[in-house]
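So, here come the structures, one by one.
Next come two complexes, and both contain subunit A; in the first it sits with subunit B, in the second with subunit C.
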Partner chain A sequence: MVGKDSLGIRSFRFLTGSLLIIWLVLPLIPLAIWSFAKGWFFPDLLPTHWSMRAWEYAFSDTSGVIDSLWLTIGISLAATVLSILIGVPAGRALGLYNFRGKQLVELMILAPIIVPGIAVVLGIHSVFISFGLNNTVSGVILVHLIPTLPYMILVMSGVFSNYDPAYEAQARTLGASPLKTFWYVTLPSIMPGIIVGGLFAFLVSWSQYVLTLLIGGGRVVTLPLLLFNFATSGRNDITGAIGMIYILPGIIILLFTARHLSGRNGAVGSFGQI
Partner chain B sequence: MTHVSIQSLTKVYPGAREPALDKLSLEIESGELTAILGPSGCGKTTAMKMIAGLLAPTSGDVTFDGRSVLADKPEHRGVVMVFQNYLLFPYMSVADNIGFGLKMRKAPKPEIERRVADMLELVKLPDLGQRRPSELSGGQQQRVALARALIVQPKVLLLDEPLSNLDAHLRIEMRDLIRSLQQQMGITTIFVTHDQEEAVVLADKVALILDGTMKQFDRPEEFYKRPVDEATARFFGGRNFVQGQLKNGVFESGLGKLAVSEQSTVGNGEGAGTLTFRPENVHLATDHSQPNTLPANLVKQIYLGTQTRLQLSIGSHEIEAICNPNEVEGLINEQEILVTIPADAVWLLPS
Partner chain C sequence: MSERLKIFLMLVPALLVIGLLFFGGLFIGLMRSFNYMPVIGLTDPDLSAYLSVFTDREFYLSFLLTFHIAFTSTVISTVIAVGAALLLRRHFLGRAIVNFLFQLNLTIPHLVGAIGILYLFSQSGSFARLAAHWGMIASTSDFPALVFDPYAVGIILQYVWKEVPFIGVIVLANMQTIGEDYESVARSLGATRWQSFRYVLLPLIFPGMLSASVMVFAFTFGAYEIPAILGASFPAALPVLAYRKYTDVDLAARPEAMAMAIVIALLSAVMIYLYLRYSRKRIRG
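Now for the complex of A and B:
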C-alpha cells in the first residue's frame, strides 16, 4: 500500500504532519528557553544571559515543586485506579448487555464531558462539606472522577462490545472459578482497553485545574495550581521549568501508547461506540 | 463412566411466553454418544447449557449416576462443553490452551506438560504446541478444543455442533476421531446438531427435538424405519405420506391396495391412518411378479450423481423414489413404469 500513494497525497501528509508538530512543539520552545534564561527582554531573539537558577529553585525544598509533583502523581494514580475499578464493570454492562434505560445511562455518562465542570462543582462543593471532603486529597481524587470516568467507561464499553463472554463460560466448564476466570480469561482480553482508558484517565486527572482549586480549597496544591501561581506572578523562568516537568508524563504516555493507539489491537478503534 | 438422567428439563426465559425447552427427558447410558437433534432455535443449546451448569433450568432435574447436579457450580460439575466456534483462548499457546483445565485443578507443572504432550499426540498435532490458535486451520482448532476438553477426563462431554464448521472431508476425519477418542476414554458424550446426517453418523442414540418438545429418542435407524410422526419422518428426509384405511393387513388409499407387514403396523389398530415409506425403498419393477407392484407415471428425473431421484405419479398421489442411476438409464419422462413397495418397507405412523 505504501508505495502506491501518489505524490500529492504524500506531500499533503507531510504538510499536515509538519503543521501538527509545529503547532504542538512551537509553544514549548519559548517555555524551554525561559527555563534557562536569566532575563529575556524584547527585542532580543535569545536571552543574553543563561542560568540554571530556575531549575535549581524548582528542585529545591523551598519551592514545593517536588512535593507537588508526588502529590499530583498520587492523586492522578488514585483517580485512575478508581476509574478502572468503576469503568470496567460499567463498560461491561454498557457494551455487553441491554437493559431498560440504557440510553439514559449512556447520556448521564457523557454528561460530564458536555457540561463544564465549573457549572457543577459548586453544587458538589456544598455536598462535600457535609461529608468533610472539602480541602482534602480524598475529596480532590473523588471530584477528578467526574471528568475521568466518561473516558474510561467509553473505552471499556467499546472493548466489551467486541468481546465474547462465551470464553468465560468455556473457562468455567474447564474448571475455573469465577475469580480465576476473570484473572486468566477476561483480564487478558480487556487489558489493552484498560491500559488505554487508564492512561486517558491519568492524563485527564493530571490536567485538572478548576476542580482541584475549588474542592481542594487551595490546600491541595497540585502541579497545575503551582504552575498557575508562578505564571500569574510573572516568574517566567520558573514557570518554564515547572511547565517542562508538568508536560513530561504526557510525552512519556504518548510514546508508550503509540503502539496501542495505532490500532493494532483496536482498543481505541471502538472509542466512538456510544 | 457416568449415567446421565435428564428429567423434564424445562427452560422459560424471563419475559418469554413459550418455553425455550419443554420437559426434555433423556436417559443416557454410561459411555454412550447421544445426539440432541433439532432445527436451530429448538432449544438444544439451552439444554446443553443447563447440563453444563451455565444456565439454571426453570424446572426439572439433571442427575449423574443418580445424584442431582443442579446445585453444583459449572467448575465442579465435571462437564466440559466444546463450543461450536471452539473458543480457544487467543493469547495462549496451543499447549497452554490444552493445559488450562489441569492448571485450574492445580496440577503440578511437569504433569501438565506430560499430559499436554500426550494429548497433542492423541489428536495428531504433536508439533503444534507452541503455536497460537490463530495460526491453526479450522480442523486443527477443533482438535485442540477437543484435546482441551478431554485432558481433564470429564464425566460428561458436551459438543456443540462439532462438525458443522468443517468441510466435507474434514468432517469424516473428525467424526472418526471423535468416535474413537470417545470410545477409547469411555466418556458419556452429548452433542447437539441441526444436521440429521451428523447425528446419524456419530451417535449411538438420537433425541429429536422439534418446537421445543422431544419427538423421539431412539437408535438412528429407527428414525428412518419407524418415525413417530410425519414431522419426524420429514426431518429425516421422508417424502412419501399417504392417507388411507387399514383393513386385514391391506392398506387402501389413492395408490391402490398395498399389503402391509405386521411389524409395519405396530401399535396401530385397523382404520384410518397415514402410511409412509422411504424414497429409497421404492424399487423399479419389470413385471407384477412381486406383491405390492403398482403402475406409475414418471413425472421427472433429478440426477444427483450417485443416485437419481424420481418423481412419480401413482393413482391420485405424487411420490418420490431414489434409484441407482444405472437402473433408470433410458427412461424418459411421462413413461409408464412399474414400481414395487415391499410390504415390510412401509410404516404406518402411530396415531
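Now for the complex of A and C:
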C-alpha cells in the first residue's frame, strides 16, 4: 500500500466503523429489552418493572413456540438437504461444461431470484389444491425450494468453474471407484462451497414468510408466522422473546461456519455472477 | 455415457423443480388471471381482471410506492455497502467487530429487523422516548411519522439495515480477490485516491456490486412481510395489495390478484433489464 495513513484518516475509519457497529446492533436492542419488560410505557426510557413472564410463556407447553421452533428447523433442514442434492450436480453442469442452451438454462435458474415469490405462489397455491399439498409440511418444503435452489446452484457453479476435473481422472486411473473418487477427491474440494451454499439455503428458507403463510394455510405454523402474529397484535414482550429465539439458530450456525464466510472463500464472491 | 447425456442428467432435477414449481406456478397464475380454468368450467378467457387492475387508482399509487421503496433502498444500501467494504479492507480498531456483525446480520430474518425498526422509530418507540426525555417533544404525536408513513421511511431503513451487510460481504469478497496491486500502480502513476477508486477499483468490483444490488432490488420490490409490518395501509406496497386481493372473502377478486401477480413479475423483469442496461453503460462508460 502507498505509505502510512495519516492520523486523520485513521480516526475517520474508527468513527465510521463505530457508527456502523451501533447501527447494526441498534434494532435488536429494544427487542431484547421488551422480552424482559412488564409494561413499558411512553416516555420511559427503560421498563419500570422487569419480568420473565414473556420467556416463561414462550417456553411453556401451551404457547407452542418450542414446537414451532423444531418445525421450522425441520423444514429448513429438509429444504437445505434437497437443495444440496439437486443443486450440486446442476452447479457442476453449469460450472464445468459449455453446451448449447446454457444461457437459457442459467436464465431459468436465476429467474426465481429476480421474480418475487408472491408472483408465483398464488398460482402454485391453485395447483397444490389438486395435489393435496396445501396445508402440509411437504408442500411448504417444496415451495421453499423455489428461493433456496437458485442460491445453491449459483454458489456451486461458481465453485465448479474453478475446479479441475483432472484430479478425478487421476484417481480413476489409479483404480478408485467412481464412489471413492467422489468421496475422497470431489467432495473435499467442493466442501467449502457446499457449506456456504447450504448456509444461504438454510437462512433463505428460515426467513420465508409469505410462501409458508399461503401454502401452509395457517396449519404449518413456523416461527416467523408466530412472530408476525404477536407483533401485529401488540404483544411486544412475547414478540421480543420469540424474536430472540428466532435469531438464535442462525447465530449458532454462523459461529460454526464463520471461517468459511470470509472473502478468501471464492464461494461468497460467486454471487457476483448473475 | 456421452457428455451431453451426462450434462442433461445433472441438470434434470433442478430444471424439473424450477420448471414445475416456478414456471408452473407462473403459468397457472397467468391462466387464472385471464379467467381461464377449464377444470371449474371457465372456458372463455377474458381480460376483465386486468381491466379492473389497470383502472384502479390504488394500483398506480402502490406501484409508485413500491418502486420508490425498491429504488431508494437499493441505491442507499449499495453506496453505504461499498463504503463499508472499503473500510473493512483496512485495519482499524473494531474491524473484527464490524466484520462479525456483518455476518451476524446476514443470518437475521427481515421480519426481525422490521420489528426492531418498528420499536425504534414508531411514535412511541425508543427515539421518540429519547426526544421526550430531552424535552424535544411533548407527546407521541409530536414525533415525526417514520413508520406507517406515506414515504415508507421505516421500510427503507429496515432494508438499508439488512442489505448493507449483504452487498458489503459480496463486494468485500470481490475486493479481496482483486487485491490492491492495480490501485497501487494507478497511485504510483499519479492518480489521486478518488481517481484510483473511480477508474480502477470500481470497474473491477462492478459486476459483483451490480448483481448484488439487482438481487436487493428484486427482493425489496417483491417482499411482503416488511411493508406489511412497517407500511401504511393506503397505498400499500404491491405484494401486500396482491395478497389482500387473493385472500379477499369475495372469491371473484382472485383473478384480479393473479393479474396483479403477473404484473408484478413482468414489472420486476422489465425494471431489472433496464437497470442492468443503464448502469452498465454508466459505469463502464
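Everything that follows uses one rule, which is that the second predicted complex is superposed on the first by the 254 of 274 C-alpha atoms of A that agree within 3 Å, B and C clash if a C-alpha of one lies under 4 Å from a C-alpha of the other, contacts with A are read in each partner's own complex, and residues count from 1 in each chain.
Following the convention adopted for this analysis, a residue touches a chain if its C-beta (ideal position, glycine included) is under 8 Å from a C-beta of that chain, and two chains touch if they have at least 3 such contacts.
Everything numeric here is computed off the predicted structure, so don't read it as measured data.
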{"item": "Subunit B versus subunit C as contact partner of A:V140, first or second or both or neither", "value": "neither"}
{"item": "Dominant contact partner of subunit A by residue count, subunit C or subunit B", "value": "C"}
{"item": "Which of subunit B and subunit C A:W23 touches, first, second, both or neither", "value": "second"}
{"item": "Subunit B versus subunit C as contact partner of A:V155, first or second or both or neither", "value": "neither"}
{"item": "Partner chain(s) touched by A:L71 [first = subunit B, second = subunit C, both, neither]", "value": "neither"}
{"item": "Contacts of A:V220 with subunit B and subunit C, given as first, second, both or neither", "value": "neither"}
{"item": "Which superposed partner A:Q170 touches (first subunit B, second subunit C, both, neither)", "value": "first"}
{"item": "Of subunit B, residues touching subunit A in the complex", "value": "49, 52-54, 73-77, 79-81, 83, 85, 87, 89-91, 100-101, 104-105, 148-149, 152, 158"}
{"item": "Subunit C-facing residues of subunit A, complex", "value": "1-2, 5, 10, 13-14, 16-18, 20-21, 23-31, 34, 42-45, 85-87, 89-90, 92-94, 97, 99, 105, 108-109, 111-127, 130, 142-143, 145-146, 149-150, 153, 203, 206-207, 209-210, 214, 224, 227-228, 231-232, 236, 239, 243, 246-247, 250-251, 253-254, 258, 261-266, 268-269, 271-274"}
{"item": "Subunit C - residues contacting subunit A, complex", "value": "3-4, 7, 9-11, 13-15, 17-19, 21-30, 32, 39, 83-84, 87, 90, 92-95, 97-98, 100-113, 115-120, 124-126, 128-130, 132-133, 140, 158, 161, 165, 169-170, 172-177, 180, 184, 187-188, 207-212, 214-215, 218-219, 221-225, 228-229, 239, 242-243, 246, 257-258, 261-262, 264-265, 268-269, 272"}
{"item": "Of subunit A, residues touching subunit B in the complex", "value": "164, 166-167, 169-177, 180, 184-185, 188-189"}
